[in-house]
Every structure is written in structure tokens, then in C-alpha cells.
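Following are the structures in question.
Both complexes shown next keep chain A, but they swap its partner, so chain B is in the first and chain C is in the second.
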Partner chain A sequence: MKSVRAFETYHPLTLFAFFACALVICMFTLHPVLLAVCYLSGVGFYGMLAGRRKLAASLARSIPLTVLIAAVNPLFVHRGETPLFFLNDNAVTLEAILYGAAAAVMLMSVFYWFKCYNEVMTSDKFIYLFGRVLPKLSLILSMALRFVSRFKRQYREIDDAQRAMGMYASKSLTDRLRSAFRVFSALITWSLENSIETADSMRARGYGLRGRTSYNNFFWRRRDGFMLAFIVLTAGAVIALLSAGRAGFGYYPTVTPIGFSVYDLLCYGALTVLLFMTVLLEMKEAVRWRYSLSKI
Partner chain B sequence: MDKALLKKTIAFIVILALIPAVIALGVVLFRDRRFNIISIAVALLACVPFFLFFEKKQTKARELVVIAVMVALSAVGRLIFIGIPGFKPLAAIVIITGLAFGAEAGFLTGSLSAVLSNIFFGQGPWTPFQMFVWGILGFAAGLFYRRQAAKTWPALIVWGIASGAAFSLLMDIWTVFSLDGGWNWARYWTALIAGLPYTAIYMGSNVLFLLLLFKPISKKLERVKVKYMLFDYGETRGKE
Partner chain C sequence: MAILSIQNLSFTYNGANRKALSGVNLEVEKGQFVVVCGESGCGKSTLLRLVKKQLAPKGKREGSILYNAQLEGAGNREQGTGIGCHSEQSEEGPSFHCALTDVEDMDERVAVTDIGFVMQNPDNQIVTDKVWHELAFGLEALGEKPDVIRKRIAEICGFFGITDWYHKNTSELSGGQKQLLNLAAVMLMQPNILILDEPSGQLDPVAATEFIATLLKINRELGLTILLVEHRLEDVFPLADKVVLMNKAEILLCGSPREVGLKLKETDPQHKMRLGLPAAVRLFNLLGAAGECPLTVKEGRDFLERTYMPEHTEISEERPDGKNRAAALEIQDGFFRYARNAPDILKGLSLKVYENETLCVLGGNGAGKTTMLKILSGVKRVHQGAVRVWGKKIKDYTGGSLYRENVALLPQNPQSVFVKDKLIDDLREATALMSLKREAGDAEIRALCDGLGIGSLLESHPYDLSGGEQQKAALVKMLLLRPRILLLDEPTKGIDAYSKTVLSDILKRLKAEGKTIVIVTHDVEFAAQNADRCAMFFDGRIVSEDAPAAFFAGNTFYTTAAYRISRGFYKNAVTVEAVAELCGRNPKKL
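Up next, the complex of A and B:
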């Protein structure tokens, strides 16, 4: 049941600001606590968005990869003071393995946050957002989006016609390739000619003239203001603390202890609040949805 | 040099100067050397001057739509050939568009194709690099758009190989930065070698696509260009 989602109902600007901050912070740090927060929140949010089954399938693929990246790191890096064993006269150090694990988890949290981005920032939101800064490019993109589904349908039609004429009936690779080429070529002719019609109709309706308005489906609400302020505050705090050298962590030559000063805790706390806010929002919505279903 | 061109050049230099500024700021600000963020920022910033120039100048509606068609075709092409692993006509289409319509159309087709096809296949840290690589490929092809030598089959093979290699060469820079924080040649080579089978298929399919698609598609593009007087065809016709 993925019909209810809370976070994606915010304004595109709010959402984009959130993802930009989340991704930058994820790529920023190798601190174990911050990494854990980034990774768990990313995985958790993706799980809330995509459902348990999809999450399990993607974890089954990503966890072995994470382990592999961590295990392979000592082959490239021979720094660190705690040799575990020697391989071809090169020390395999504990630090190198831990660093590799941290880098791998960092990569994975970036991937999971991008997965969440793909679920939440749908193309209409993206185009709406960039339509203000780059109107022509967004127009091209939204037209292209429309064309994709149109071309796919046309491709199938041409393909059917070719098959009905008895062409490329076999399933061999060369036949499949040749038919794909042939149909693709026909599609290109069709789409270029057809698109000119679109352009002429745009011109007839006054494209490029001044004073034209455009349809808008997104509205800035008060809660967007609050949410944006919240994002800017927490993400700003995290980035400021990190840039000031707080919540620092080193892997070489030896692993440094995790800091628990007031500033460090502030940094952990701010990031946790920022990233897990999404998970909490989705949970709250899911509970509310279930509650309202139970009343029917 | 006329005024508009001068302005264009100055703006270009200013934006180009922004890139080293970002790197410098990143090095000063991020003490644990997070070059992965910086490299993404650089790839994105490198696209900005092209985008801004296009936004500023006058464009015919027909040109916009034709670019949109090429962008959509490159995404549909990826969907059509999805059953054959490694076969993506995207780079070929971008290069052909650049060769037929010029550098600007080439850049836009390349970079927007990256955004569009990732709307279907998933955005990721690779998106900015793809935008940059495919954009520059289209741009480079566009620089040769009046040279017949760039459209012969040996040249097409070079285009195909270059376009196949360019992406992994650049993307693996990000991989290395992500995993090491700094630069590590051994890791870079390993990443390239690990990706070699994939890159090889990609290069081969690019060459194949270019050889097979170049003639038919560019004939169609030339025809549209002449028929509807697109991409400065009308202006240059008298001079040639």
C-alpha cells in the first residue's frame, strides 16, 4: 500500500532544498556516527517509500557490494598502524579496512538518498522548479518527456506493421538488431515531421510573446516556509560545525576516538533530526491512513 | 569583435573562473578533502555557461521542438535497445545531432538527454557527469559541423571510441574521489579495468550505431534543417 505519502506533498522548492542538503552532507563526511545516520535514514526512507519487498531486494544487492568495497580497500591503501596480516609483502591494515567500510557505506547512503530523490522529485516537480530559472531548457525537457511516451507508442505501431508484413520473424540477435534499426529509423522521420506541427501550433498560440501565463499546480503553503526554515537551520548547523572541524574523524594512521563534546553531539543531533524527519513524517501518515481505513 | 560576442566572451570567462573558485573554496572549507562533492559541482558548473547562453538568445519554436525530439529519441533509443546489453544509441544520436545542427544544439541534446533518460532509469551521482560528457561530445561534434572529413567512416569510428571511453574515464574520477578522498592512480586504473568489458561493449556499440545510423539520420536532419530553415541554415546559405 503505497498510496499515502506525506513528504512529497511539500512544495518542489522545499523538497529540492532538502535533497540537496541531504546529498551534500552524505558525501561530506566519513564520521561513523554521521555515516550511520545518513545510511539508516536513507534506507529507512526508501523503505517507507518503496515498500518492504523492494527494499529487501535492493539491500540484497547493495550489502554484498558494500562488503566487497570494504574488503578490497587494503589492496590499494597500505596506510595504518595495525597490520592484520601480510599479502605479497604488503600489510593489510585494520585502518584500511575500516576506512574502506566507511567509504562504502557513504557511497551506499548516497545511492539510497538518490533512490528516495527519484521517488519523491518526480519530473513535473523538477521541471516546475527549473522552469523559473531556465524556462527554455525546461520547456524542451517537458516536451521531450511527452514525446517519449508518444514515440514509444509510435514505435510499437511501426513495429507491428513491419511484423504484419512478415519481416524479421526470427528471434536471432541479428534479426532483432536489424528490425530495431529499421523501425527506429522510420520513427525518426515520423517524429521530426510531426514535431514541426507542434512548433507551429506553439507559435500560433503566442509562444515567446510577453505576458503569457503558465499553468501551475504547485502552491507555496505556510508549512513549506516552516519546513524550509527547519531544513536550512539544521543542515546549516551540520555544515557549519563540520566546516569548523567539529565532529572530525581520522582513519590514518590510527582510528581516532568518536568525539562526544557538546559541539559533536549538536552535530549528530541536528543531522538525525534533519534526515529522520522524513521517515517520521511517512510513519505518521501511514498510521493516520490505517486509522482512517479502520473507520470505514 | 562585435558587442554581443564580447559580452558573451566575458560572461564565459567569468563562469569558467567560477570553477577553480569552487575548487579552491572546497579545499579550504572541506578539510577532509571531499573532492567527490567538488567534482560534481564542477561538472554541473561546466554546463551552466552553455545553458545560460541558450536561455539568453532568441530561438525559434521549431528549433526548440527539434531539439526536444532528438532528446526524446535518445531516451527512446535506450528503451528500444534495452534487450541487448550495453547497446545505447544515446551517444551516437548526440554526435549525429551535433554534426548536423551545430555545437549548441549538440550540447543541449547531450546534456538534456542525460537528464531525461535518467528520469526513466534513475538519477544518481552520475547524472552531472553524463550531462557534462554527453554535452561536450555533442558540442565537439558540432564544432566540425561544416567539415566533411568529420563525417567519413574512419572519423565516425574515432567518435564512437572516444564517446565510449569518455564517460568511464570521467565517472571513475568520481569513484576514486569517493572511495579515497584524494587521488589514487592504482584505484583509478583498477576501476577502469574492472569496467573494461562494459566500456568495450559500449565503445563497440557506439561505433556500430554511428556507422549504421549516421547516414540515414543525418540525411533526415539535413532535410528538416533545409526545409524549415533551422539552425542558421537560412543565414549561411548565401555565404557558402
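Up next, the complex of A and C:
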């Protein structure tokens, strides 16, 4: 069963603005505090969306990968002033290790935020957004998606039929390739043949008349305005502060200390509010739902 | 006055020398439910397509197709400028009142909205990936505002019960739902005439009956004029206000269902369409009875009760018992699922098929019948249980030996069998697989194709053949592998009644040659005629099996129309022929 979700009910434009900001900030920061915020919020939000079990399965795979990526950097990069030990006459430095870890965490937070994006920004939302810019595009994308699912299904059907006749039953690679090629060429004919009827159906329903409009299922509500303002404000603050050189951090030649000036704190705070807002929203929804259920 | 009036219409396709339509005259009154029937290639699809401007085929047209827009309250819609006035054709009203237009001269927009068209293949008509987008497609094209579209969609979803799957992907829908979606998408544009070209041809009987019921609802509740081409006449025939029977590019008969049922016998008792008529009509014709022709099962029962004394009530069945023969196929407690986390599709399926018998497996949609054939043909493997072919485990057949002179599967969609651009090349593939020399192979191909009456089609592209021809061609490809066991998946889907009897004859011949045949089907009439044994598939396994007469006589709902007519009078007559035979033996009431 799909759990109740709060954030995805916002307007696609709001959602897209949020993910664009979140992903850009995640990609361009290596500051330990900001990284921690990005990573934890990304993992947390994904957990809220996908459920505990899926999150655990995903972490079990992603944490070893994080360690691996982190370990690669000090093996090849020997910059930094604090050698810990020598490997094949090359210094393995503390700075390189920390930088590798930071890069790995950055990659992972981007990865988790993309997973959240996939859960929330379904194809129809994406199509709707870009259909407004290019009206024909939304129809083409929608048709393409339909075509791909039909194509896949028909491939399986033809492949099964061919195998049930014992065509290319051997397991050798050349036979398998030839068989795939045969099926594929049949598929091309099949799709051309069937698209004639699809074109008929489109014409019969008036495709090609002048003045086409675009229908959608999305509504812009007042809360979308508030949410968008909130996103622009917080994300704007973070990006402005970062580009003004605040909350800076360097790994080479030595690791710089983490800053705690007012501006630095403001930057940490704004990012935390921006990213954890999603997690809080989902939590609030879950609690509210449980509460209202207990009343029923 | 007619809403659609076809006058002396003839049509020749570009490049063809034979007329596809010749001298067709037809008046369709407002609100009528008109059923057009005829064997494949008689020109009925051409006729329907000519009425829809956007789909009209290219060719030479004579005569006129006049559409009367004024009859419907077209005032609430802006009328296109194209609605011209053919004053010479409108005899009734003064010229300012007339709105008779030849379909060819109709305004594009009006032609799109006023005449709705639904085609046969549910999948090919769907354009977009989401149900809601598909519904909106036509209104988007017409340039309606999103608010208007939303209102109309809301209305239509309520009427058709689409609300539950409004947000789904179109690929997730069942065939019946897809066709309902196509119908709804057309109805959204508020047509005045709805044209349907074999809309239930690709649906299973349950979905087809539901679809027809929806059509009837549209006709009765909205007063919409409907023009329908159908093969399966059992449901539609009694409902029609007018039946048009076409034959070789001409209209043979036209009138109320009762008239047509009666007249067909007089004009041409051997006409191929006779086979497609409802069981009650066929029975009436077979008996050569006089009086009013019964149309429905209920009327058929009344007719039997009224006419015949119940002296002989049982028909003897001489179907050989195959149980002492060797088992050709056997599944023991088979379990199967498509993915590790998916539910079991087959749940302890046990089935034995004996040598040289014809077994029909019946059952509802999604019960796992097709999956069972995949298991029997070795395309999929059970995760528990044993599958044996001729007593040998199926996995012990290696290197294609299962498919050479052994098992062949004819899939539901015969198109998936062909991979070449010419039928002959496709068939040569099969002979090559049997390691035949070119000449020997070609000789065998020719012999088989001539036997099935498709010898002249060898140079055609497989996709250019008609549904029935495609199926025969696919069957030839199977037979070239000289199978001893034939598995057929829904062989009667989408083919007309006459093609069904042809298929029936082919199957009988194959059986006489000693082949073992397993047919998975929804078609109870076909099973009753062809099976030695019928089995009912439900919830992942076989729940009952018996000889057809006993099998169908034991069922109340899932049985043939002939048995539903004769139940209570006769004990085990499950085909129209059997009922007619029993009737013939009984003396008539006075």
C-alpha cells in the first residue's frame, strides 16, 4: 500500500523548484555541516517516502559504496600536510581521506535526493511542466511513454512465440544475438503497421485542427505560493551566502576550521530549514493521519 | 427524416478493379441502433469509414452520404461554415432550414465532433500513456479550455465508471477497460452518430457483453444513433432496431432482426452469415419452422415449449474415451509465479492430456490459462511440481527436441509468429529448422497452404492478411514442425463465425491425423463443438473436467446458448445441431 504523502500534493512547479534548488546546493557543497544536512535530510526524506524496509535495503547497498569511493581518493591523491602512513612510498594524508569522505557523502546525498525526485516528480508532472513551455512536447513525451511500454510487451510476446517454435533454442551468443535481431526487425514492422491505426484514431478525434489546448490535472493553491516563497527565500539565502564566500571550507593543504560566524550559522540554518521541511511535512502528515484514524 | 442517408453509394479503392461497395442505399433514423453484419471482405468496414470524413479511404466514390446535422439540437454548438445546403436533396423544408451535407463537404471540426468512430483494436487506438490524458485528447485538439474539459471528463467518468482508474497508466488496463476508454474518449466529443467497427472483436466474451451493454445504455438513455459492425451477434442481434446484412459489396437484406432472421433462410439458406446468428435464430432456421422467429434465449425456450412434445430428451454421445491411451502431456501439482515476490499464478495445477484427444480448457480472464500453455510448451518452468511430455520430464528435452515433431504452440496473437517480410520466407524458416532441402520444404509448404486455402498468399506480407488468414498461416508454420501435440491459445478470438467453422474442420482433420490438441478458449460454443473433453480452469488450477455434453449440461451460467435454450426440456443437448436433432425426433404439438 502506498503511504500517505504530503509533499507530493504540491503543484509540479513548486516541487520542481524545490528539487532544482536542493540538487544544485547538494552538488556544489563540500562543507562538512552542509554535507551532513544534505545527506541526512535526503536519506530521511527517502525513508519517509519509500518506507523503512526499502530504506534499510538501500542503505545496506549504498554505505559500502560510500566507503569504497571515500577510500579511492587517498590512494591516488597525496596532497595535504598530515601524512598518516606510507603506501608504496606514497604518503596517505589525513586531508585526502577527509576530502574523499566528503566527496563520497556529497555523491550519496545527490543520489538520495534524486531518488526522492523520482518518487515525487512522476512523469505526468514533468510532462505537464515542460508541456507549458513546448505544448507539442508534452503530447510527444506522453506518446513515447505509451509506445515504449507497448514495444516492450510486444517484444516479450514475439520472443515467447519464437521460442515456443524452437527457433534459436541454443544458448550460444551468436544465436541469441541473431534471435534478438529477428525479433527486433519484426517489432519495427509491427509498430509501423499498428501506428497507422493510431494515426487514424488521432485524426478521427481532431488531431491537427488549429488551436490545440493542453489539459492537466494540477491546481495552483494558495499554499503553493507560500511554499514557493519559502523555497526561494531559504534557497536564495543559502546560494547568496555561499557565492559571497560565506561558509567556506578547504581541505588542502590543511583542513580549515568550521566557521561559526553569524553568516555561517545563517547559511547552515537556512539549508536545514529548507531540506528538513520535507521530512517534517511527511512526519506531520503521518502523525495527523494516525491521529485522525484513531478518532475513526 | 433520416439523420444519415446513404444514396446509391459505390466505391472503388485506388488501384483496385473490383468495387468495394456497389449501389448501397441505407437510411438511418435518429436514435436507431443499426447493426451491420456480413463476412469479412464484404465491404462493411469500407462503408463505415466512408461516413467518417477523417477516415474515408482513398478511391473513387459515387453516390452520396448525407448527414443531417439539424436534426440533433446542434444549436448549442457553434456550427462550422462548411455546413452547406444541398437544396436539391432537401425536399422537406425550406432552404434556410436544411442542414443536409454530404459527409465529404462537412467542416473538419463538425466532422470530428458529430461523428464518433471506435475501431476494433483496443490498444492501437490509445494514443497517450495516462487515462486522463487519453480522455482529454480530443477536446484538447478541438481547443477547449481546461475548465470545460474537466467538467466534461467528470461527467463521462461518472457515466462509464472510469473514476477508479482515471489516474492509471493506459498500459495497466484490461482489454475491456481499454475499449471502454476508447468509447468514452469518443463520447466526450458529444457525437450525434456513433460508429463502431467490430469493437468487441478483440475482447473476451465477458468484456464483450459488458461493452455491448454499455452501447445499449448509450442508445437507450441518450438516444444516440449507433451504427455497429459486429461478428458476435448473439448479444447484439436482438437489441438492434435495424439489421443490415451485406454480401459482396452490396446490401443483401435490411430490416428488423426478426425479418432478417426469417428472410435470410429464404434468400440463401447456405449463406455464410447464417452461422453467426444467435442460437435461437439458427435453431429456428435449422428446423425450418414457420411463424415468428425467436431471437433471444428466452424466446427460444418459449418456442421449444410451444412447438414440440418432450418425448425424446436425451441425445447419445459417441465420443471415445481416451483414458486408456498414453498421456501426451502431464502436469502434476504445478506451481508457477512470474517473479519471486509475485503471487502464484498456478496453484497446484494437475492435468493429463491423452494421446489424440482434443481438450478444451475454459475459464475466466487472468485465471492462468495462457500461463499453463507457456509451461506446457517449455517457455516457462514451474518452480514446484512435475511436467512430463510423453512421460519424459520436460527439462530432459534439450536443444529444441521439444519443438521438432513434438509440441507446437499457436499464440493468441498470430502476428507474433511472423518475423519476415514475406509469408513464404517465414515458412521456409520452419522447414529449415526441420533440416529439409529447399525443394522438399517448398513442396511441403505448398501442400499445407493449399490444404488450408491460403496457397495464393505465399508472396504477401504476413501483416497484410486478414485475421483468419493470419491464423491459418501461423498454423501452417506450426504444422511444418510436424508436431504431435498442438497447443492453441484463444484460436477463435477476432475471427468471424464462418472462419470458426473452417478452423473447426481443420482441427477435426488434424485430430484424424492422430494429433493431440489442447485449446485454451473463452468460446463455449466452440468448445462444445470441438472438444472430446472440457476442463474448467479457476484460481490457478483445473476444478472440473468432463465430456462436453456432461460438462456444459452441469453448468448453469457458463454454458452454451443452445443448452440454455433447451435446459429443462432436453438433458444434454449443448449444440444447436443437437437441439435441432432432438426436436426433429419429437412430435410437434398441435
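We take it that the second predicted complex is superposed on the first by the 250 of 296 C-alpha atoms of A that agree within 3 Å, B and C clash if a C-alpha of one lies under 4 Å from a C-alpha of the other, contacts with A are read in each partner's own complex, and residues count from 1 in each chain.
The definition used in the following text is that a contact is a pair of C-beta atoms (placed from the backbone, for glycine too) under 8 Å apart; a residue touches a chain by one contact, two chains touch by 3 or more.
Quick caveat: nothing in here was measured; it's all calculated off a predicted structure.
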Inquiry  = Contact-wise, after the overlay, does A:Met143 reach chain B, chain C, both or neither (first, second, both, neither)?
reply    = both
Request  = Using the touch definition from the top, say if A:Arg203 reaches chain B (first), chain C (second), both or neither.
outcome  = both
Ask   = In the superposed arrangement, does A:Thr213 touch chain B (first), chain C (second), both or neither?
value = second
Inquiry  = Quick check on the superposed pair: does A:Phe111 touch chain B, chain C, both, or neither? Answer first, second, both or neither.
reply    = first
Request  = Return first, second, both or neither, reflecting whether A:Thr189 touches chain B, chain C, both chains, or no partner chain.
outcome  = both
Message = Looking at A:Asp124, would you say it contacts chain B, chain C, both, or neither? Reply first, second, both or neither.
response = second
Inquiry  = Between chain B and chain C, whom does A:Met167 touch in the aligned arrangement: first, second, both, or neither?
reply    = second
Request  = Could you look at A:Ala60 and tell me whether it touches chain B, chain C, both or neither (first, second, both, neither)?
outcome  = neither
Key: Contact residues of chain A, present in both the chain B and the chain C interface   = 123, 139, 143, 145, 183, 185, 189, 193, 198, 200, 202-203, 207-208
Key: Residues of chain B touching chain A in the complex   = 29-32, 34, 36-37, 40, 51, 54-55, 59-62, 64-69, 71-73, 75-77, 79-81, 83-84, 89, 108, 112, 115-116, 119-120, 122-125, 178-181, 184, 186-187, 190, 212-213, 216-217, 220-221, 224, 228
Note = chain C contacts chain A in the complex at 52, 54-55, 108-109, 112-113, 116-117, 119, 121, 123-130, 132-133, 136-146, 149-150, 167, 169-171, 182, 185-186, 189, 374, 377-379, 399-400, 402-404, 408-409, 411, 413, 415-421, 429-430, 433, 463, 477-478, 481
Query = Of all residues in chain A, which touch chain B in the complex?
reply = 24, 27-30, 69, 73, 76-77, 100, 103-104, 106-107, 110-111, 114-115, 117-118, 123, 126, 134-137, 139-141, 143-145, 147-148, 151-152, 155, 173, 176-177, 180-181, 183-185, 187-189, 191-193, 195-196, 198-200, 202-203, 207-208, 243, 245, 248
Chain C-touching residues of chain A, taken from the complex the two chains share = 123-124, 139, 142-143, 145-146, 149-150, 153-154, 157-158, 160-167, 169-170, 182-183, 185-186, 189-190, 193-194, 197-198, 200-217
